[in-house]
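As structure tokens, here come the structures.
Shared between the two complexes below is chain A, which pairs with chain B and chain C, respectively.
And now, the complex of A and B:
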């Protein structure tokens, strides 16, 4: 039985094709830096405790965003490093890749940040992150039992998410 | 990859699941009626409706963003247009128009010709101070707050009070910049 039914999320975006690799982990933050969700699929190494880990990730994105906006050669609307920007102001990055992983990032105007860490060979995941945002809307934002700003404990969302991430990774 | 184009209100309205309009109208009426019974004071009902709308708005904004593909608006003028043309169409099935801009571009009116909440409604003499549709002002306020705009939303005209249209005044108080949420000593 689908309880929080509502509208269909469709069509599912085309799955980026890559051969046999895995998503490592995923974070969802809100504007206040609260980690709403942390999922882990394949992460052999933990160096920090979860709180420090989340904080580091959020800090990385926050700084990287303001750096990328500062380096932007096209837009004149930049402001100074460290000076708070209005949400959506300046440019923003959507992924970076190292030799061991790729981090894909999406931020909505409402301040929800979705971060997916995958194998470095993964293709463009922007559409996939959008799809995950749609899952969030259907299963979390529309869930009357969910209090906005708290961590997500929603079975259906986790299941749908696991399934989808498995299909892209 | 080009970003997906914003979808029109009509297209989204056609693609989402809808409920029967009369059921919706009557359910809303029943809620207001119950609030009047529970809270007794008309002022308290206005406040409660606004609060309920706010709670809806802070969730609804995510659905709006996810389905409409609207990206950041350049200025408040565009924001108001998007609310009137896409937002109202998407969630209520009606379009509104934006008028009465002030000189600074921070205050405008959203005018609704058609309002599905008020079919079959007549205000009795005892409820003359009631803003029957106050839930809508709360929704707009809540949704805009989630995209960092503090606003004040008030009813200027209300057909239930004998005016010729529904006019919602939206006033931008301030835009909240994004800040690093953790303190250094944490």
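And now, the complex of A and C:
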């Protein structure tokens, strides 16, 4: 896994893949599975209470990652199924699609997981997630008042995020 | 060339009933393939729970770093999924063909017990052909 945006302060946002407002929700987890941020823009269906929902989402991503690491048809040494892996270790995944939504996923070298749920017809959002990570670094990680591991309450980050997600999705 | 790495069929309760490997490195042993299959069954179910809108029927395509996984679920809950190179086309069509072969050569076989592992020679033969035909079609373009 490569580091992105090492020296650039704010690279220009990637070109939008589709037009229209079709982002459903977004999650940010840290490496311990704590949900740092949850935002929803358009979510008519809630099957669980928020806490359970976040846990289920983290569990899904964790298990899918161990599944892809085990299934990887390229490498021959894959270890055992279900053994926790460090960020960037083993074969990961970047998105999955169902008939009602598409989930794009990115894990940074520090174990921050960014999840964006959009319309199923959305294109590749890898660059967009990197841009969102850059927003996180600029507005949250560099904020002296922010304690790592606590939920994100930075107004500037929220506005920048809302604005950007509206522009891409 | 776009290649297919492996094919799985799991029954409605998540048990692996068919697994064929077409040359992936570090081939999985029987226990691992069973575990992976039932793990996929659960992930498929959880993805339906997390849907932001009504009417979700589970993961259809999983894009990993080194492979794509296409999944097709029949009306009776049997899941067919194929692991292939990233960006391989026509996998939905291939899965439909596999489903058709399954109904013809497995379900119509009087000696086949439902939800049990598939051991039908005719199914194997026709499946091999279907997958090769698919490769040929891809090569021709």
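Couple of notes before you dig in:
We take it that the second predicted complex is superposed on the first by the 153 of 169 C-alpha atoms of A that agree within 3 Å, B and C clash if a C-alpha of one lies under 4 Å from a C-alpha of the other, contacts with A are read in each partner's own complex, and residues count from 1 in each chain.
Please note the rule applied: contacts are C-beta pairs under 8 Å (C-beta built on N, C-alpha and C of every residue); 3 or more make two chains touch, one makes a residue touch a chain.
As the structure is a prediction and not an experimental result, all values here were calculated from the model.
Once both complexes are superposed on chain A, the partners chain B and chain C fit side by side without clashing. With the two structures brought together on chain A, the opening angle seen from the C-alpha centre of chain A toward chain B and chain C is 120°, to the nearest 10. When both complexes are overlaid on chain A, the residue A:70 reaches chain C alone and has no touch with chain B. When the two structures are aligned on the shared chain, A:38 is found in touch with neither chain B nor chain C.
In the superposed model, A:96 lies in contact with chain C only, and not with chain B.
When the shared chain is aligned, chain B comes close enough to touch A:148, but chain C does not. Between chain B and chain C, more residues of chain A are touched by C. With both structures placed on the common chain, the touch criterion links A:47 to chain C but leaves chain B unconnected.
Judged by the touch definition given at the top, the superposed model places A:59 against both chain B and chain C. Aligning both complexes on chain A leaves chain B and chain C separated at their closest CA atoms by 11 Å. When the two complexes are laid over each other on chain A, chain A has residues 59 in contact with both chain B and chain C. Residues 5-8, 31-33, 55, 58-59, 62, 84-89, 108-112, 124, 126-127, 130, 133-134, 136-137, 141-142, 148 of chain A are the ones touching chain B in the complex.
Chain B makes touch with chain A in their complex at residues 1, 15-17, 58-63, 65-67, 70-72, 146-148, 175-182, 186. Chain A meets chain C in the complex at residues 24-25, 40, 42-45, 47-48, 53, 56-57, 59-60, 63-64, 66-68, 70-78, 81-82, 91-101, 103, 117. Against chain A, in their complex, chain C makes its touches with residues 5-6, 24-26, 28, 32, 35-36, 39-40, 42-43, 46-67, 69, 83.
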